[in-house]
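Have a look at these structures, which come just after this line.
Each of the next two complexes has subunit A plus one other chain: subunit B in the first, subunit C in the second.
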Partner chain A sequence: MSEAIRAGEAEPLLRLSAVSKRYGAATALHPIDLAVTKGSFTAILGPSGCGKSTLLRLIAGFTEPSTGSIEIAGRDVTRLVPEKRPTNMVFQGYGLFPHMTVAENVGFGLTIARRSRSEIGERVAETLALVRLEELAGRPIQALSGGQQQRVALARALIMRPLILLLDEPLAALDLKLRQAMQTELRRIHKETNGTFVFVTHDQGEAFSLADNLVVMNEGRIEQIGRPQDVYIRPKTLFVSQFVGDTNILEGTRRSGVVELAAGPRFASAGPDGKVTFVLRPETVRIRPAQDLPSSPIAGITGTIEELHLLGDGARITVTAPEGHQLIVRLPNPRFGDGLAPGIRVAVDWADDALTEVGAP
Partner chain B sequence: MTRRLVWPLVMTALSAFLLGPLILVVVFSFNSNELISFPMGGLSLRWYHQLIGDDAFQAALLNSLAIALPTAFISTVTGALAAYTFAEWRTRFGLPALSVLGLPVLLPPLVIAIALVVLFARWLDLPLGRPAVICGHVLVTQPFVAAVVAARMASFDFTVLEAARDLGASRFQTFVKVTLPQIRAAIIGAALIAFALSLDEFIIAVFTIGGGNTLSTFVWGKIKTTLDPSINAIATIMLAMTVSLTLIALRLTRYRG
Partner chain C sequence: MTAPAVKRIAALAPAYGILAGLFLVPIALLFAVSFWSVRSFKLEPGFSLDAYIRTFTVYGSLFVWTLLMAAAVAILCVVIGFIFAYGARFRVGTHGDLFILATMITLFGGYLVKIYSWKAILSSNGILNSLLLGLGLVDQPVGWFIFNRGAVIVALAHFLLPFAILPIYSALRNVPDITLDAARDLGASPWAVLVKVVLPQCRTGLVAAFAICFLSAVGDYVTPMFLGGGSAIMLGQFIVSEFSTRFNWPSGAAMSFSLMGASALVIGAVWLAFIGRRR
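Take a look at the complex of A and B:
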């Protein structure tokens, strides 16, 4: 019973089935499946040219998919023109109407929908308040700063109360401080409007600070979908582990359930025989000076500190093992009493579950 | 010191040489004497009165307007549409396509005129006259329209079109409410330029007008027969029209925002 209810709730608001996009001979998007639930904040993360904008434009209706179908709220919208879709978009370059004031820009959609003048006035004021631009309603667009323009673009889309709000790197043009302020605003607006947001970015920090659902893309494919912390802790592929945060890559071979890493350590791990790749997050690595070692051998690696960078909120240490294998270690609070310094011999190890096996690159 | 004066002097002399005859034409158009020579007589509008009363002048003016107006209209529609479409493609084909459209500017007007005469008289077996002149004028004014509109489109943000569609506007609504308001000034300016060019054009007009006259062929005919000072009045009228049209056009097409 409760299972059925939960399944009902999980019925996605947006569903892409085997959607792909080709431009001539080039494939911008390989067939992908994606489901977005109501009220979620989904971030699409990937390097430049991986197909993020293409994906968003397919959802908004600016391009038709080469294959597959798109469903919004249970309705097939694959062939629907953009003006008929229950989505609205905040464009990468904002796309504000330069011949209109802030209020006219924000009210454009409602004017087209032939709403009454009083309703338009009311909702424009309400939406401008939401993005904190009340005082600028009468200003021409050219007289706004980048951050203000971005909020106008956001207001212009939000006023339509879209089932899904699509945002294509809306913060990319802003400086760090403004970007962080806007991230906070976006989170607040997402909560206040109870909306469903799909947000494209190539900034992993932004994706992590905003999203409750992360889609990592590479070369027109979805590499992994999941909660941000899960994607971080358990990356499925080498690409994800490298793109999302710092990582150590450990290669080795498995023979009848025992893995031997090229860097030394052996441990039990079930799976098919052959070459294996593991990733290890730098902050999960433990490190101590080698003279503190108990005489019995440990499961880790001994090596020399090659570099030690203080980062303000921690330290990043590069350790080189005898055969040239390098390992990056991150310590949250370097204590100088630890005796860690370049040239020191150290032992590093990690908890069993810190290693994550990833698919072949 | 003297070196610094050389260039200003050269420029002044050059300007006087270029503008002198123009100024004389304007000045003599208000001269009451029969002869176009010094000393001048009194200030009068005599030649203007004589012109306005002249049936041949009226017919020529009517012809010129009946050619310039449709020319401006047609070449603005086709030239603006072409420039807009090529800009919308946003591909490497846009510029070559625009250049092909501009080719008539490179052709000698004489060649265009002969080609039109051959086309109308020999092949289509149509009489020469206003339609033939309009064809020729559209051919040579359209590239200017396309160039003016293309220059405006170069700074046009095409994202606004998608934004408008996204907010519920149809293609047509997007054109009327978003595209047109932004490029309207450039289009009006381009139309005025086309109008002024057509009004002034002589070679194509003289070959293809057939029986009648346009303003420019009327002046030419007058010069051949008499050196009547009313020529100065016509020239001044045409100068005033062309200059003011061009000034308005320049103001309108100057990029704003």
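Take a look at the complex of A and C:
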């Protein structure tokens, strides 16, 4: 039975095995393993300098790995030059050819492949329609806005029908409105082309809104791989919890199955004895004015509201406990903030499963 | 006229005054002289095309050879200059500017020093022949290294190369690396990247380099005098003698303007071929 299931499982389209990259004494990428399945939309998320762009360039073939191997569709491409790989890339800054028109840019790859003029014309028109730029085919590149150039770069890569489309910070240069519009476009194009997209970003909002598979990187290592919601709710490391969203870090000690947090609360939690770190998402914290509570102690913390920021779509509240521990609370709707104001004594608590234990940093 | 406009014109006046007084007026006078005639070493104003007719009947083939040699020099400079500038831009990392500085240093050597150096290298008792004799590769000095068109072209190209490298390098600096990566990503071989992405993006620099080298070479008369001997004469040498020893100013002026016109045509044609049409 389990054998049958395993046989039915699709081979990953892209597989990196123990791939690393060193530049002299500096390590850009520690050995990593990564598998990307066909049809997925994978985001590689991390701060600048975490090795995410190096990873993308390794997949595209612009950089040769120091160790390990890269397989695409079952074929070893580790030593293959970029022009021979079944990948295409949307570059950060686009890299459009300034001496060509929009249509010439988009048709470049097919011209190089010596396709017939009629085929090139057809596919250019079809791809320009996909990115909604039909009217601009004859324009020179310089006459285009940033968002339009972004679409040309996308079309130029998509026309090659790559097995994997790589996108390096594709939306970084666009303003907020345009970025949101392009996110919608990218999702639509991903669906329409039935493609496999791998994109690199430092913007967690972008990663969450686009990807169905999230790879969080830091300092040349993969910290966590998973579905975005799983990574958010159950971060594996302190770095992931801090980089992905706002977070509260609660430290404490475990003694024979009971954890006592430095901020006060005690609860049962299995695991080895010693120092422990838990993270708590601000939106999972419940908050009430202290006088509404029964006098008996609860599983949470009592403290004073230090700051209250209305964010438009919610409120962000900082609570200071007597020992100086601070907790951030996020309320989805400002109306729940009614009756809450700086200086007011409040009680905060959370559901048992809101706490996630993370490994030491 | 507004006050700032007057101020602007006043500020520009000295520069334009110098340009007009030292360049445009003499050129215009020389152009007028090219239609005059000479009788017993005296200039006679008038309108005659004799000097132009003489240019093309007496110096016709020399005229064509001069243009061909200048074109050869310019093409040689653009090709070598491109290879050098390409290497400095894309192959030596951040040291590219140092390489360009090195080419500038060769300009300190001066023009005549370079000509004499080539003479010392190429003449029958020169360095090259001594080397060949010493190695036993030849029994007696090779005579054809010097006093021919090849020697003149080599020496001129050597002298003009930095003037080709500079505009090409500056054009290549404006070619983003990322366009090269993008081309390779789309399947272009290194050669296709060069031809379809790099060259078209720096073509203004290439044409500028060609024009600078061509114009400098076409009017040169010192290099052929020292290295060309009797078999690689250029029109410039005769223009000099028309003005000096023969005192035939109209002829010299007509030859100058004919060469100027022909050069303009050559540069214009090159411009049209590589830049004008694709815009």
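We adopt the following convention: the second predicted complex is superposed on the first by the 348 of 361 C-alpha atoms of A that agree within 3 Å, B and C clash if a C-alpha of one lies under 4 Å from a C-alpha of the other, contacts with A are read in each partner's own complex, and residues count from 1 in each chain.
Keep this in mind: contacts are C-beta pairs under 8 Å (C-beta built on N, C-alpha and C of every residue); 3 or more make two chains touch, one makes a residue touch a chain.
Computed from a predicted model, the values in this text were never measured in an experiment.
**Q** Sticking to the clash and touch definitions up top, decide whether subunit B and subunit C on subunit A clash or fit.
**A** By the criteria stated at the top, subunit C and subunit B clash after superposition.
**Q** Output check: A:S48 vs subunit B and subunit C. Expected answer is one of first, second, both, neither. What do you get?
**A** neither
**Q** On the A-aligned overlay, A:H99 touches which partner chain: subunit B = first, subunit C = second, or both, or neither?
**A** both
**Q** Scan A:I112 for contacts with subunit B and subunit C and give back first, second, both or neither.
**A** both
**Q** Looking at A:S256, would you say it contacts subunit B, subunit C, both, or neither? Reply first, second, both or neither.
**A** Neither: A:S256 stays clear of subunit B and subunit C.
**Q** Check whether A:N88 is in contact with subunit B, with subunit C, with both or with neither, and answer first, second, both or neither.
**A** Both partners.
**Q** Applying the touch criterion given at the start, work out whether A:Q142 contacts subunit B, subunit C, both or neither, answering first, second, both or neither.
**A** Touch partner of A:Q142: subunit B, not subunit C.
**Q** Given the touch rule stated above, what does A:N194 touch, subunit B (first), subunit C (second), both, or neither?
**A** So A:N194 meets neither subunit B nor subunit C here.
**Q** Would you please give the residues of subunit A that touch subunit B in one complex and also touch subunit C in the other complex?
**A** Shared contact residues on subunit A (touching subunit B in one complex, subunit C in the other): 60, 62, 81-83, 87-89, 91-99, 108-109, 112-113, 156-157, 160.
**Q** In the complex formed with subunit C, which residues of subunit A make contact?
**A** 60, 62, 81-84, 87-89, 91-99, 108-109, 112-113, 156-157, 160
**Q** Any idea which subunit C residues touch subunit A in the complex?
**A** 176, 178-179, 181-189, 192, 196-197, 200-201, 278
**Q** Show me the residue ranges of subunit A that touch subunit B in the complex, using the header's touch definition.
**A** Listed in rising order, the residues are 60, 62, 81-83, 87-89, 91-99, 108-109, 112-113, 140, 142, 156-157, 160.
**Q** What residues on subunit B touch subunit A, complex-wise?
**A** Subunit B reaches subunit A through residues 157, 159-160, 162-170, 173, 177-178, 181-182, 257.
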